[in-house]
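The two complexes that follow have chain A in common; it is paired with chain B in the first and with chain C in the second.
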Partner chain A sequence: MRSWIQREFLYRRRVYGVLFVAPAMLFFLVFSLYPTLNGFYLSLTEYTLLKPPVFVGFENYTKLAGNDQFQNGVKVTLWFLLGTTVPKWILSLALAMLFLAPFRGREFFKTLYFTPTLLSAVVVSLVWKLLLDPNGVISALAKPITRDPDTLWLSDRILTPISLIFVDDWAGIPFFMIIWIAGLVGIPRVFYEAALIDGTTRWQAFLHVTLPLLRPTILFVVVISTINSFQSFALQYVMTRGGPSDLTTTIALLVYNYGFNYFRMGQAAAMSVFMFFVIILITLIYIRSVRAEETSYT
Partner chain B sequence: MASPDRYSEYAPAPYSGTRGSFSVHFRQKANGAALYAAMCLGLLFFCVPLYYMFTTSFKAEPEVFAMPVHWIPRSFLPQNYVDAFLAAPFPRYFWNSLLVAVIVVGSTVLFSALAGYGFAKFDFPGRRLAFLFILSTMMIPFQVLLIPLFVVVHQLGWTNSYAGLIIPGALSAFGVFLMRQACLTLPDELMDAARIDGAREVGIFIRIVLPLLKPAIATLAILTFLGSWNNFLWPLIVVTKDELFTLPVGMTVFQQPMQAPYWTYIMAVSTVATLPVVIVFLLLQRYFIEGVVVSGLKG
Partner chain C sequence: MSQVSVKRFTLPAILVLILLAATVSGCVAIPESQPTEVEDAGPEPVTVVYWGHNFTPRVELDEKYIAEFMELNPHITVEYEAIPTDFDQKLRTALAAGTGPDLFAQWNGDIGTFYAQGAIAPVAFEAIGYDSQQAFMDLYVAPENTLQGAMFDGKLYGIPNELSIYGCYVNNRLFEEAGLDPDTDFPATWEEMLVVAEKLTKRDDEGRLVQRGFDFSWSNSVWMFLEYGAMVRQLGGSELNLLTPEAEKAMQYWVDWEANGLGGPAYFEGQMSGFIAEELAIECDMGSWARPGVLEAGIDYTVKSVPIWENAVNQNHFDIYAYFHMVNSRSEPAVQEAAWQLAEYLDSHPADYLAHTGLLQARVEVVESETFQNIPFLDVFLDQMTTSMYSPRIARFTEVADVLARVRDRIIVEGMDLKESMAIGQEEIDSILSETR
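Coming up: the complex of A and B.
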């Protein structure tokens, strides 16, 4: 006979489960699902916040195609993306490899290397703005090479994008170093012992043992760093405001400008929808390429 | 001939501590010296900006751009901190940041734990679908939400209010996910035993489940605090009134591109803004790094 306890428990499992989950569900419906759908709709409208949105079809998208600022933004974003992903992966992995072998003071170094991660993007931007001032520390340090008493790190047409990329890499490398270490530590030792018996060199062991076994971490690092770079905002906003002459105006900054300086919400929404699909596309390509490799190795 | 030691660096060294065979290789003198030289160089690279921020906050303004660079400040002015906090409503900004962060952390932990527990330990129609829905919201980049989320907050009349600063960030899909994973590891018998003893469901959640989730809660709380404390873009757009600025927004407004920045003040405020994070890091380093690793999220 089913006892009343069992029936009571079954009842509770249904009712309280729904009760416990309800606040979260409500939250995500209102602050995630609805805005996402509404974002797609807004991108098809003209909207200034003052009057209700007016449906204009794909006009915002066709306007984007002919918008110089937007095309420039795409170019700027892609260069920034390139500069803040590939070097970050390689350098943070190299550092992580160094930290794998035990040595005196390893934890000390690792903890201190981690410190840039503690700074907010705004503080990072402010500190580096001071360091990169024409009369600042970096100018002084680089003087023997540049022979220029006051290099315009943050207003020169060529140097500025490079400076921003450098700062972003500086702030991001320690974070990804920790991620790589967590991945590397998880590789079972037997694989290296097997490689050793086969007489492989260090480099071969790295290529054929470490990298394939590190695949989940690689995927994580690549996807997260790409998304982070796409979303970078404080750096550009605080350090250059997109200047000089829009050479550091990324799409993220453009979305902000169109939305909250010009109050052209429709155009801004269309840009963010564009960005959304680019991010999704890149993520899918990465996932696919990593999967394809997987089959070739096994 | 390859010696076993040559491969030691590829072996999975334990996260901390050492094991015999690894260290043999690095006791060789030349290698050790090169390693330490590289390590110290890296140390300078990653830590000098912080050091410079801290020391500049004590300098006299004319000293900031003195040449050659004053690595050790000649003047020592703790007064900068007082002056900086009087130069703009920074105490107010600090308070706003703290208030928002504390409420966001509390609400995220509570509602994530509730939902995570509900998803892990209860059975109701649509459970899988609902969880999948919440998971999938993690994939939406914030930049995409920015405009429509602002529109929602605008329609609700929450711009320029604490509600606008707090509520849209009061829960995270990642938190629900983390809490569900943690709840899955709890044995059912524990809750059933309490039920047989006549405990109510809410009582079970508060007295049995929450205490057992402590490590996961610590991780989530740290991450959420970091995210909220360092958040810049959302407060920048949702608040235009000076008295509602959070610290990051207040700092950037203080340092307008057109006016001459008071670098010593800005560095003093930067130091103060970093302090809570450093304190949390020093106190809860283990949870901190763990949180960074599991989340992949960063301020």
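Coming up: the complex of A and C.
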């Protein structure tokens, strides 16, 4: 009797569990899994939007190998990735540590510095596009250094990619600063006190206490910032449209151009799939490396 | 007891209400709305979904004429939607999903791809009351030019609801400040434009460019294609063939323009903005539609024809472009017919559209109207249309336009040799066009 009641209870719990999870699963299936699988399928077709897709096998992938624009897109994306991840990690962590220390007006400055995170990427891009105009404020402020009356921040081959990286870092650092702060606050003070008793310097405490205990936060910051950088679109679309000379055409922008402007949805899907696997690969490498370090400590 | 009394009163009350309702409805009913034998034998009800751009003055007129059209054709219901933003993307996506509109107004840049993909249907002339295509074309001024943008294999695939061409807007004040007369000193050729623009260009004490004489549209590759293509065709070449002296001359002109500090991609903010801010003395990237904005800015202006080369072999100014009413080939035949009827009804009031929206349809009747005659400089735009061409009606027009912009940028931004950059561009264009065949 007792076991029957237990079985009935477990059965009901499972049924209710499934029912509770079902809406979220349905949402995931319809809005995540289906589009992803459909993207895979489209990458194997020639699809102009205006006619039904025609299956072409892996032709779109082989075309990518010889596509100069795609290769340029990969190069641009990787440079952008480098410029918008490493500085973000370091500077946002430095700022988080700065804002953890007590000083007058700390909360005010923290809030002020967090403000860019509240703006949409499009707004950020439009504002910076105006600021970086040859006749804009930045040109005027930088004139003593550049000695150029019309600095071409968004049309020079060297300055344009750097300008975009700077804007992305400016907008992204405050968000990661908050994440670091959350991670840092979670480290018990007792570890630092023990380290102090052992005679460690502040730098040693940072290396051997802070960083190891921040590992889950590091993983989050690294993975999310990498994915964001890979998928960067609004900044390039609004500020430069990928120019000049495709120097800021990231893969995400190229996917948009191929899909919606060039009517080459099959090739656009192949590029997306490529990007999908690269992101997965990089994420897995990060997770593995962090876990390996965790194991070495235990 | 109470239930019985309720039932006793309810039944007569319902009967009285029914009788009353029948009497009232009989009194107020419009005889035409009642089903009759004549209606039963009439055409099947049809619904036409129509998408247009959200240009407020035109939307108001569209709504007025759509209501009139539905009154005249009670069997046709029009579902009209003025798309607020991203019209191109929404239209392409909807056509892909099979949920596209039956009738839409779209510019000619996409028409080559739409035709190549079989997405649009030819105009059904009989359905709109014309014996032949020629009879319909005769409604237009210089139809061999003005309607060419929707012509494929001798068949017309669209009815223009806006025909346009760029003209050069001249800021009279800036001309006079430079000691120039807008009427007599405006350059008729591209070669003269260099000299005149230099006189109108101003730099401040620090060397900052504060006023440009003239500048091209650099920011959007499609416009660059149109302007560059038109300049190449003036010389008798084709911008799809970049490895020609004509194409090289036109590209060199653009490159020199930037190199000589007269303007360039870094300064071009978009159509109108420089001219409205009076930082640009001559703006040749605006059609007749720009007049209200220029007037609102309080600028004393003149409009002149876009220059041509000294040794031009034809009088092609910047390209003609148009928004055509096109019909979705996937729609049912009866819907297609109704869609063309609606398009023709909307486009058969050109004087009203010109008066209230400034949009020109170049029909003979509107050109002869008082409205046309009373709008300054409209004749300049129309004159250019009678001798100019459309940009090539090729599939993947936008992609080819982007190639051309890259050719330019490689030379200007990366310092690549002009011929080398053009050779790379030619390869890319050939590859794109070979895939469309």
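Going forward, the second predicted complex is superposed on the first by the 271 of 298 C-alpha atoms of A that agree within 3 Å, B and C clash if a C-alpha of one lies under 4 Å from a C-alpha of the other, contacts with A are read in each partner's own complex, and residues count from 1 in each chain.
By our rule, a residue touches a chain if its C-beta (ideal position, glycine included) is under 8 Å from a C-beta of that chain, and two chains touch if they have at least 3 such contacts.
This structure is a prediction, so every number in the text was calculated from the model and none was measured.
Chemist: If you stack the two complexes on chain A, which partner ends up touching A:L247: first (chain B), second (chain C), both, or neither?
Modeler: Only chain C is touched by A:L247; chain B is not.
Chemist: First (chain B), second (chain C), both or neither: which does A:R189 touch?
Modeler: The first partner, chain B, only.
Chemist: Name the contact category of A:N257: first (chain B only), second (chain C only), both, or neither.
Modeler: So A:N257 only meets chain C here.
Chemist: Which of the two partners, first being chain B and second being chain C, lies in contact with A:W170: first, second, both, or neither?
Modeler: A:W170 sits against chain B, while chain C stays out of touch.
Chemist: Check the residue A:N135 against both partner chains and state whether it touches chain B (first), chain C (second), both, or neither.
Modeler: both
Chemist: Is A:L49 contacted by the first partner chain B, the second partner chain C, both or neither?
Modeler: In the superposition, A:L49 touches chain B and chain C alike.
Chemist: Considering only the touch criterion stated at the top, classify A:S272 as touching first (chain B), second (chain C), both, or neither.
Modeler: The first partner, chain B, only.
Chemist: Of the partners chain B and chain C, which touch A:A65 in the superposed model: first, second, both, neither?
Modeler: neither
Chemist: On chain A, what residues does chain B touch that chain C touches as well?
Modeler: 49, 133, 135, 241, 260, 265
Chemist: Quick one: which bits of chain C touch chain A in the complex? Just the residue numbers, please.
Modeler: Listed in rising order, the residues are 88-89, 92-93, 95-96, 113-114, 117-119, 204, 206-210, 219-220, 264-267, 269, 395-396, 398-399, 402, 405-406, 409-410, 412-414.
Chemist: For chain A, which residues count as touching chain C in their complex?
Modeler: That would be residues 48-51, 133-135, 143, 149-150, 152, 154-157, 241, 243-247, 257, 260-263, 265 of chain A.
Chemist: For chain B, which residues count as touching chain A in their complex?
Modeler: Spelled out, the residues of chain B in touch with chain A are 2, 4, 6-19, 22-23, 25-26, 32, 35-36, 38-39, 42-43, 45-47, 49-50, 52-53, 56, 64-65, 67-69, 111-112, 114-115, 117-119, 121-125, 127, 130, 133-134, 137, 139-152, 154, 167-168, 170-171, 173, 176, 192, 195-196, 201, 205, 229-230, 232-233, 236-237, 248, 251-252, 255, 257, 263, 266-267, 270, 273-274, 277-278, 281, 285, 289, 292-293, 296, 298-299.
Chemist: Would you tell me which residues of chain A are touching chain B in their complex?
Modeler: 5, 8-9, 12-21, 23-25, 27-28, 30-36, 38-39, 42, 47, 49, 95, 97-98, 100-103, 105, 107, 109, 111-123, 126-131, 133, 135-137, 140-141, 170, 172, 174-175, 178-179, 181-182, 184-189, 192, 195-196, 199, 201-202, 205-206, 209-210, 220, 224, 227-228, 230-231, 233-234, 237-238, 241, 252, 255-256, 259-260, 265, 268-269, 272-273, 275-276, 279-280
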